[in-house]
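What follows is one structure encoded as structure tokens, with my remarks underneath.
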């Protein structure tokens, strides 16, 4: 019973179908019919004109977006738990040619307007210190929690007042939208670019970078090629994205994963370290308890010496979630 | 009748089969069973121990290999027609952090030992000039011609004598092996790394970087992640590579493409600008003639004002190749 | 009465003399007689074979040394108060092509072996996290305190055990040696490279990077040119360095600055925020008190809302130091 | 008798005087009185508002200017003899984060409007090819020849029509102005930034980057710090620049060097490979003849197997120039 991560789950049958439908040769790179239709499809989803680029990985999606926003001599502001800080092997430094990441804290891996403002105020505006030029938020956060639209508005106001760009790492954006019960536009707020995650949600190897400011996309198109990310059979990535957002597959898959997580959270009770607002469960758990769970066939990651992380996915089976909930209760 | 490029052809049925077989969740990134089996499979193919990394694009494969070989203050030597110089959007400069490309000529887009040595001799060994640290060869070349094993040995000797690394861009390596009728090891000679192309030969979006010096692969693994190229469902890339090299699919596909090209070359006769030693045909052709061919339904690229390029693929239909051969004869 | 910084003090007469002595044309860059003599002079100073490169700024000296030690995909470990983190405008990211700075705390802006080890242990050895490849220490620290030889040995042992390089930012190395009363070799411990500061200590615009591992210097020589730091009349930089270390001028100047700082520290008494072990004094001081001091003609920097920083230099006049000491006592 | 280069000549007495006058402590970096006065002084010289940054080397001046003009994914167009291509150790790639240099030819190391336009036309406007974003001209050229104002206007028109920036490497700009007999503004034409050389013309280690578009200077100020080029005693660099341009010292020195070169050119006669329009003489000269000249005490560089280069400076002695002229005639 697999709760290690959503990042290696199976590909959804509708995605497979879309891949096969794209098999016939079309023009290469992003000039094919499917790639050219992405802007329209996502514009409809977000209710405004957007420019969309497919990318093969979330790391590349995040870093491409950031590189379109900050100069090499600038900095990106993010939470110290952010994926770009901890889990992307230095990719932000690579794509931005050495821009810094400036870190702040905040409960549940969410930045707050107050912590952002305070940290920004401490940076002198001279050539000796690196100027922050963008803020990156993660929705849902690395600890499985969601920014509410009001949270986003408060941080966006800080960004606006200081002429900073705003980026959202939405590796689990679908899970956040499913939890918040709002529109996609409300769940990302007034960001300049969103990494719209699909791989963790049923796709094979396609993510979307949604640019709400199309001038950023022009630079990003050049940089996508320069980063060796422009696939010649790009139609297969476009096909995956269309499959995800047509007929609401992205939301259906996220709801399934969230429901399994909620089921497990119910069993975890007071052990929970963070509210379960997406498809990740973090809970207190001794080494002995973890060993016991593993003996029962549950796969998951340790989270430091006294905790564990469980992640559900679109294809988590109900009976597995239920079994885990019961096992946690029985601990 | 499509002769624009091999880079947008359909995916081969055996590759589809392998993709589906890989659907069940496995561990992420390159820790899955298929990814871990790549070294062995390619070691068998080349008859020596190699370390293999999958990559999604040929540009990334080339540039990752080069970045493992040259320092940012160094240079890569290549033909002025090389893909890394002309068609990768500056990716070599990105992956290598600004290393230079030093260019030389040579008939049919092939470097010669003489031209390499002469150009290298002209570079002063002081800090004011950029030291060449690697040579990159393209097999088959950008103009569809193949280095013979003796050619490679002569250039490799220069590299060895000057402690330069050797890289091969094998986007159409299969076509070269099929044409040369030699072993894969003979067709690449003593290179340190080979970009083993699959996308143009029936795969969807997987290329292999074959490191003959495994110490280079250690750096490349870090850099693959840092470049946002490490897919979490990497098993789908590994699956494509296994499908290509097991049962000789790579050679069968290349032979089919080469045969179609040979058929067309027969029709082109004295118009040929370069020997046809792979799956590309370059021929003299006026604007009027090109218009006539297009009227007959042939798709291809102009190659300057007086020439045209035709490319065949694994799925080029015999009757299309034959039709083109006849149309060329009839011009 | 100027206590803002030592970084804008006058040039020492012996340095002026050396500059004039170097006026006659010699061969360019670092091929002149004076530049070629640097290795020997500094080898004598440190009692072992070193390779020395002149640089015009401390930022360039630090970053050139670091760039010779860490790969672009690596990281440098340093104190969160370090100059490379806070005051070099992102130069480490530029010179290293995007390597990260990994931060830790420690009293008086000094790292401790414990804090270093704990932070290093938290980094996973996989491609998703950035590997630390070097530790950078500042002697004297940004808060004017000195590592003892035992402190250095303990940190060096950690570095050795994990195959990390060791760098020392010695912008005020002379002040540290003067305070510690030990040899230069003891004051830097087993580091691989030392930024030996001169500009704050009576030079015009020359710093020395002392490489204890000469293989690092070979890369650094290329990178110095590539960074636009190789002056054609390099003899004028070499002349400054020779002037500083011949006849012990560097130590005499540092002792003078330290003595002035000690005088002031005596007046500051319980206000001191950190031990005064070099030429910087940090003390508690309200806004009203700072205003009063400025009215009396003292120039200095605020250090947050409730503190002030005073810096002495080789040319701080005794009567100014005494006047400040008395003014502080009288507050 | 030294004709190797002008880059290691002595420092002019007026520059020494200015250096000494700047000795008293002032505020650091570029906040001192002299640095702040640079914009006004150079604005007067060029008859329009400019922003000026001092730099220690010509390589840094060139590359800082270029980095303010081109994106990492862009390219700089220059002559294949340009200093940035051949003699800066890859610095352009470093400062621009990997931008390419696109090369063209042209007699006497001067680009022509025709060659520029033809090469630019050959670059496709797609993401696979690197877009040229700036043109860099060298005045006087690497072979000692000058662009006339009409030449500059023709190239500037191409730049304007394609929205390209224009940079001038003026390492020997003073020599060009002296030769052309025009104003400084006429000698550089409508460029966006000029590297105004002083080191080869009597300064110690200060060059000026003159930004005619002040928005470029804002980025350059950040990048100067990030490149470790911001000296804390910047007043000594500003002092050198003021000394050069006040009282016309820059032109007087250049005229002296040009006159010596003209004297030598008179002796060289039909041996000249290029017109002598600045302070460099390139002439046909066999190995035996070069040996003979060296026996007579003349120092100079070989220029390939059959030629030699002689360079004069502000302090070339008349009798030395005359002696060389006679020796050449006597060959």
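Note that the chains take the letters A, B, C and D in the order they are written out, and that residue 1 is the start of every chain.
Convention: a contact is a pair of C-beta atoms (placed from the backbone, for glycine too) under 8 Å apart; a residue touches a chain by one contact, two chains touch by 3 or more.
Here the structure is a predicted model, which means the values were calculated and not measured.
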item: Contact-graph separation of chain A and chain C, given in steps at minimum; value: 1
item: Centroid-based (C-alpha) most distant chain relative to chain D; value: A
item: Which of B-D and B-C has more C-beta pairs touching across its chains; value: B-D
item: Inter-centroid spacing, chain B versus chain A (mean Cα positions, whole Å); value: 34
item: Centre-to-centre distance between chain C and chain B (centres being mean Cα positions), rounded to whole Å; value: 50
item: Intercentroid distance (Cα basis), chain D paired with chain B, Å; value: 42
item: Residue list for chain D, restricted to those that touch at least two other chains; value: 72-73, 88-90, 93-94, 97-98, 127-128, 222, 225-226, 230
item: Chain B-facing residues of chain D, complex; value: 72-75, 86-90, 93-94, 96-100, 127-130
item: Parts of chain B lying in touch with chain C, wherever the complex brings them together; value: 29, 71-73, 97-98, 127-128, 131, 219, 221-226, 230
item: Parts of chain D lying in touch with chain C, wherever the complex brings them together; value: 2, 4-5, 7-11, 16, 20, 23-28, 32, 55-61, 63-64, 88-91, 93-95, 199-200, 204-205, 222, 225-233, 235-237, 315
